[in-house]
């Protein structure tokens, strides 16, 4: 059983929670907590060695926690996701492979592409693929995407190299439910063509960032980041190629963290308890 | 105030400890714990926001903890160390600089060298340097070293590129008090000339390992390790040079962890709570 | 056009080769060379901007190079490979995906498994899968594997988490043609259960090594290695999971280097020109 | 002997240069070259195994190289540097230690501080320290700094955590001679308080960048960069502490590259031949 708590901090929270669990004969297998002192917030993720005994647990926790407490007990073990793509295959293929071998921690419901390049790879894994051309009318395009998403169950939308900027309206329908992979170490090189920007600036490392999508382009809470060394010998094309490897790795890692209920969001930042 | 606990694991330990602290009005600033399930051991490091209120705390803790509990409350804030060296300066100079600027987390009492190469750098930092030549008689050499150490207060001995193997007798006088930096990613390339071994084997990374010294050469509990990339273009000499940088970094990091009371030892392994 | 040269070193080699190419109006796009001074060997990899003009080039090169020169001009652009697997999917799936999207730099001819676990993923990518049970008779098993391999064209055999030790006879049929991924930073933890060994030793990093297979188990020339941090909180199972990510990455990188003709072997080591 | 060449690229440069050296009986120990195709520029760094035979070499090279060729033969082996500091010791102490043990590749002529905090550490290493208070008049301050610098020989100025922004006038006196360490992975977090910026943004890695100083603040050619992982548990103060370690390492590495004549500058970028 997994228990996730976020609330205002105060003295005795850990004592109260752990006493309650001990009383209920729930043995703590792993406990991670964090207190953000500037925001006076308490974050906790617990793994307990029983799958039963949760009856009344939330109520009991509410009695000892501040009123603003967010509590999740036994959050959905296998999240459902919809993946949005354009043409590049590397992140999607990685997700499809993990999905197929049941190591993604989520179940891919369908893939939506604004190009049909990746239709065949989805077919090979028996995953529905919807080709929705991004015409001139952005509203119309997004409306179709929303409709398609809504035909499916979903906990998260994953932008696996989806190269269209989503509107405020679209994003606000899925608050902290959209996860994007951006091909730079944000906040450096936000926006278009980060590898070209990196090349022009002559940086000695290139990176990738997985983050929640908010209204501000490439400004949402960062979940995971990684870099690899770069140098003068790399052309933009070389950087793009090298970057694909870490984009795949960073997105996979971020998804794992989110699907394992390890990621908390506050003040446009994440707390990742692992 | 720092509280460090190691004992047999059982249900309710966290609850008991945190309740006790709450009752004593001690607010937990940071809490790190680990349970080793194979050994059924519980490890905890707590930082509490008061420096008073420790009266009777150990006794109260003993009442709720298993009989085998090791408890340290307010361990020495600034450890005292004796450093042993041979000829290479990089680790020693780093320690002397941090010592001078009060960021080592320990206070260097003296330096003992089996060569006098590093005498002058010690003099410049007003640190006593003892030159004890390692002649043919190992026992005699070690006896002199022990005598010199015993003239000083010490919590730990740091082998900062001390290139002599210490005898069983010597090591057993200072159990888990000797910290060594070995210039390879152990267990690869234990023993002499690790960079030459690495060169011969053609590895694509070289490393450094800080570890407690036990009877078995280079087999003690590992505290910290790091690597850097290597390739065919590096000669043994190049590897030695490049390696010095991570030797310095890894030893500095390991010492910081030990001096902050973050390192627990069991079963020839370390638990590092940070 | 790619030109690859390995020979005894002597003064004027670069001058001679580059003069010859200039005379033939072949413009050098990239040139990498290495001299191993201990072995007195010269290694060079050239990319030239024309695809024609190679007529007589090898002969002209032989005239100016030492007699023992190995010269490859325009080596096969797309190597052919046979992949051997057991049960774990991660390396194979990565290879199949890159193969499908034509970014592997090689073409997968077939997959041979001593279990049939991975049959379906191969079928999905239209790659022939041969299930050859590893019974009690090792000779018989290997004979069947060899027969199956010989039905296909191949430049290299890739052991993508193939968990059987191959015999001397088998290995000697494919000298420097078999590439293996071992789940440790060799030479540490050679042989069986490297993650368990790493766990027992309490290392602070775990790694993966791609290498050519020779008679000596896990002792062949190393092509690529990588590590990730580890700590006390990881069980053996956690290490296995975390390790899969770098196994996949390291094997992919090693294969790319080999398929691009960047890897030279001598004295049980590799020179990787990139 | 080291030979460094930068010029317009054209066919046959390598052939011409290496033939010339062969004719002069100069054996190439190491040769690194790079062609920037977008700028049509050729960069080369050669190490030759003789220290004699350089007579007339530059003239001979000029005959075969484009008219715009920059040629350096036997550049100063030990550069002279002036170091500017404020209060933080880590970079300066590292430089002083390497200087003292003759491994810096340069010789520290003096240190100028706008605070006197670091006077004593300089005294301990017998390095002249000038305390020049940065009063209200920037011009006056800089004038005094320039005067002090000019009393010494210097090839480079090193800003080892010098926390004042230098004027256009100052910078233009020392074109590509000033090397700075900035405590972020530029271009992210340029300007003041990069760790605070990093903290606010919630990045998962923090970095350091060594670069040449130009008129544009933190916009000069990047020589070296490095990052370390970060997470939610780090306060700004923690980031500052952790960052010091890589600031020291990155500056040391950048200086080594510059002092070894491995760094070429063009188009606000560097080519680093190693």
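Which chain is which? They are A, B, C and D, in the order written, and residues in each are numbered from 1.
Here is the rule we go by: contacts are C-beta pairs under 8 Å (C-beta built on N, C-alpha and C of every residue); 3 or more make two chains touch, one makes a residue touch a chain.
This is a predicted model, so every value here is computed, not measured.
Both chain A and chain B derive from one sequence, and where they touch, over half of the residue numbers involved are common to the two copies. Counting C-beta pairs in contact across C-D and across B-C shows that the higher total falls to B-C. Look at where the CA atoms of chain B average out and do the same for chain C: the two points lie 40 Å apart.
Here chain C touches chain A in the complex through residues 89, 93-94, 97, 100-101, 121, 124-125, 245, 249, 252, going by the rule given at the top.
Across the complex, chain D is touched by residues 11-12, 14-15, 18-19, 21-22, 25, 27-31, 33, 35 of chain C.
Interface residues of chain B, counted against chain C in their complex, comprise 34, 36-37, 185-189, 201-205, 207, 221-227, 231-233, 235, 267-272.
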